[in-house]
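Here the chain labels run A, B, C and D in written order, and each chain numbers its own residues starting at 1.
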């Protein structure tokens, strides 16, 4: 699938962009040819998203040029970009929950569907339907966006981008920003099929942290580092390790998942789960979690694994029995779960994981505030010492312990969230819901290191991960869930790790 | 004419607001905010400066016009005297007329009245008075106050006692609180025989109805002696007129809109049985009148109290049966006059009898006969001569 | 922010650069309310110099106390993202109850009333948290209920209070005859301020106010904190009611009703975000003073009563525009 | 409740929550209607007069003004904003219309134009509120609060102590005149409701207001001029309040400052009871109207069955909260955020 040699649809030439003293883009050049899928990889801060923002008009380059179909363009705002035929499918999606699919697809660009300020619903529906047909989707145009599943919403977004075709009478450029970050493998496969379809009528820029995917779908891959493109490679000729090296500019010390530090499972059971059910999503789940064990849970969307974990943490109502170190426990609320030494790192960091406006220190001490209190009185100095200590230990990069957590980078935010649970010596069980989501390679391997350290100190971990590879590599055993039930348990000892495929089979 | 004068200020004000809003849209938010604030403050000091201006000219020509009794050994020089009138708000004709009466008197002696309104908020009335006393010069201050409710009189009196300003209160006061027990500067409490008024209009209605049929009663704010007394008056004359039945009574809080709505509902409840509407004040009467018209019931006798212009007009037109005039302008002036006379030596507190320190003042029933001449209530300055202050006393508060 | 999401490092560096500016804004935010207050007082004293007399100043402080106590309570609820519309009605109810009970219970009536109002707050809090009904609605209902109760128990009449059981609320203490109310207000401020300063409560309130799910998953006692806020709010309302009775020598079913909007205005003018998650005791104190000065000052400045409302409105808007922290509310609702 | 925001994958990704949300929206749509029916049944059992044609007319007539107000308010609430300026706007509108039409205070008589002028004035208030809220980024809670005071102030000035009574016979007609047994104003209200529905369903204003309420940031990101549509929504609402002020003036036959007293909370309560959430993006004109009917029926019914005036308010409060509690009870979740 090599692209025909002709003038590129989109050509970015030597663009620079600086924020204050920071150089986000430093003379970056790249191009997208007709009907081509271009992969874009790089660590956080390499300039990927600044580039994307520029392409959809949210940022203006300080210097350099962006040419679309041969002519220079300047875009102010997404609307203009759309008018020019560049559309973006956002990682966290941009559909308006309480509008219909049809409205969303043509939102802000209703064109002849609005005459004299009045909606013509018929036209609106027809045109929206036309877009959905392009991608062979059967989603109901009158459905509310919020009633769709994540994957469905993503398809609607793609349709939304394709809608620019009519306006521009030209094939659009589709920017896919981390499209698979919250998809499970099978859904991802659907998406890739979709990309293959797209290829026939559009050019695609595919941004992802999952190098395997990038290699799978792209015709060419640009590797970004420090705001410029350090390499342009063709999938056939490179492997993931190579890409990873190019991204980071050095070899990762040790292996990515620090598997060598996976210790053998101890015998005594930490958490015994019996006949646990969460209303409507998972049925009578049984499993044992041993001391110092990492138990991965594999499952597609709707397999009920998130709900199961939230249930164990008391974030949603459950039936069934839990035993911690042989003693039965009830987790009627997160608070009660915490008091029985369970910790939880949610997937949606910003929405559930942290209070961005509060300082790093305050976030770290939030669950175990009592530890830094003398009676009812808060001991700020003690808190400060504790925070500084953990900032030091986890190498959290922050201006100070008093800086608002929101001002840190994703990786460091996540470390702070982990620190929140690690501060308590009594922590027995840590539930990790996609702990590395949205982190770059470097940050990921640091998080992995921390998880290993935890287990080494006897903490048990329930893990849900973005990619099966990650899950298997990290876990001692992998619990496979399907339609709310545990269908299988796969052992994953060091050296004898199962392949993703074997697990995948059991999932679907 | 008057209308134009009244209308101009708001428009100019608005336009100012506008210019500020518009032209600073370009500037930073905070900048714009500053502009607005500065603007308002400017207007504020500006217009208060304006009032100061007027004050000064007035006092200056006060010097020229010889003021009564200024020679007599009063405790304050006439021009130092502060005249203050306080009512609930200017959004009701009766109280507006009251303040205008105060202005009329003040002008007659070459002073200006400070008009205070507290929007019917008891706490605000207290705060306002305390502030006025503490910023002014109490020794030469006369307060002519309409307490929001009975309850508010006590604290007002206490404050005034402490500050030593002269006070005249109207309408509301607890029965057990009287000027003569130890309140030297509380000159008098003026009120009107609510029982009598309530009875008068009741009788007027009953007469109109020919002595029989059903009526509904609209009560005022239940927590005021005015409302209570007037209703007692109604009950009394109900006993005297066995032919009349009280179909229903609801509290409409002296408010026109709620009177309108309540009446509508009561009409659906009782229909044509309603032959008369007794309202504890004119605003409610007018609201009821409107509801009756909407229901096409034109032959219902409606009466209220206060003699607001609109009601008097209605009486003159025959759409309303009667109302009772308590002469707001006179109330507004008389209180100030009493204080002024005391301060200027025209009146010696020692001569004021106990009846005069808490009395019912004359009130007149306005019916079709005398409606015309009462259409526009104006203060009669003669009433405010130090000699005539107590001419309208009809009897001690029972 | 999906787009912002991955410029983290750049945003991070930008943050670092912004730090000095940030802190300058913080400073601005803290001095702005004070500045507004000073400007107002200045403008009024230009119009009427007597406004700056000690006596006059004391009176302003004195007058502000009931509003202050109400606002402090309501502020807690706003801080954790809710709103309590019932405070004024509750204060009215308290005034009636205290007036009814003082003859029998003397000073204990105060304690009892405060407890009763705390209970009222508790009820509202529980309904809000357990039934998960927006606080706006719950307290709107509460407003109606409390004033209903007040009307019924008082027979819609004013209940006078004789004797000097409550004399302590509004007397002038020897020395420079300091109003006792001011000291009481100061005491309430001190207590609340210390609690907020020393205990984790403030942190919980703010965590809930700015990100409730996160707070919940971090084990913050969300339900208890919220209900607690409502309880304190109720208790404060009760005490404010007592103070009002102390000032008017009587309780009435509508005594404090008109204070609701001034209370909210005061809180917001002080700079507390009405969306929750930002604010504090100090800001509320300043806000209350601003509103009080507006309430009593305009007439002192000699503004014609017909225009007072117009000024009040314009100045409130202007004051808020100057004092609120916009960075805390991403989207202004 | 919390709509999917950028920077967060949407709250639910599974299918089950979607199902529960459908149930939720179903409840939000039909719960209030059920409550209304229930109320009517109860009252007709308790009071013989309730279920009469005469009373039905009375209910509709007395609902008219509140209905109009609530239509305007709904669009503001849909944005997720709130509007406390109703009393002020209505006061100014009431006074200005009374002064501009044939009246007892002056010789001006613009006839129908007076009404237009009053409505326009209302729109100006809305516009000002909108500009202040969006331009100055002041929470609408405060801007509208201030606007209300300003409105009442202006009305007070216009009032100048003498009630301007409307003498225009045409207005008298509108006040008392009836079509099919209902006052003309009721039909005006119905008209306004229909217009509201059309605006909500068929115009950019309506749909975008909904979108902004649902996810303001996303709307911004899609290049929608959020500020503009917010301002327009406030302006529309202002105009509607202006009309309401005119209606009250027509009913009472003279312009009074208290024209809108008590309407503000009544309208908010009505809208919320009807299922238009304060958090924005939900509900709509129809919901709000059901709410209006619930509130009106409550008031009317309580008077008819002779509940003491003292407790009427309290009973209303309890019933309202209870109604919402019942309809919302099944939606309770541990992690649900309710402000």
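In the analysis below, a residue touches a chain if its C-beta (ideal position, glycine included) is under 8 Å from a C-beta of that chain, and two chains touch if they have at least 3 such contacts.
Being a predicted model, the structure only gives us computed values, none of them experimental.
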The chain whose C-alpha centroid lies farthest from that of chain A is chain B
Of A-C and C-D, the pair joined by more C-beta contact pairs is C-D
Would you mind pulling out the distance in Å between where the CA atoms of chain A average out and where those of chain C do? 43
Between chain C and chain D, the Cα-mean centres are separated in Å by 28
Would you kindly tell me how far, in whole Å, the mean C-alpha position of chain C lies from that of chain B? 33
Shared interface positions of chain D, touching two or more other chains: 5-7, 132, 136-137, 150, 152-154, 156-157, 160, 334-335
What residues in chain A touch two or more of the other chains? 90, 92-94, 315, 350-351
If you look at chain C, which of its residues touch at least two other chains? 1-5, 156, 213, 216-217, 305-308, 310-311, 314, 317, 321, 326
All pairs of touching chains, please: list them by chain label. A-C, A-D, B-C, B-D, C-D
Using the touch rule from the top, collect the residues of chain C that touch chain A in their complex. 1-17, 19, 198-200, 203, 206-207, 210-211, 213-221, 277-278, 328
Residue set of chain D touching chain C in the complex reads 5-7, 79-82, 84, 88, 132-134, 136-143, 145-154, 156-157, 160, 216-217, 265, 268-269, 272, 277-280, 308, 310-318, 320-321, 324-325, 328-329, 331-332, 334-339
For chain B, which residues count as touching chain C in their complex? 9-10, 13, 17, 29-30, 32-34, 36-37, 39-41, 43-45, 47-49, 51-52, 89-90, 114-117, 119-124, 126-128, 130-136, 149-152, 154-155, 158, 174, 176, 222-223, 251
Considering the complex alone, what residue numbers of chain A touch chain D? 77-80, 82, 90, 92-99, 103, 107-108, 114, 117-119, 121, 144, 146-150, 153, 182, 280-281, 301-302, 304, 306-307, 314-317, 333, 347-348, 350-351
Residue ranges of chain D in contact with chain A within the complex: 2-11, 13-16, 18-22, 25, 201-205, 207, 210-211, 213-215, 218-219, 221-224, 281-282, 333-335
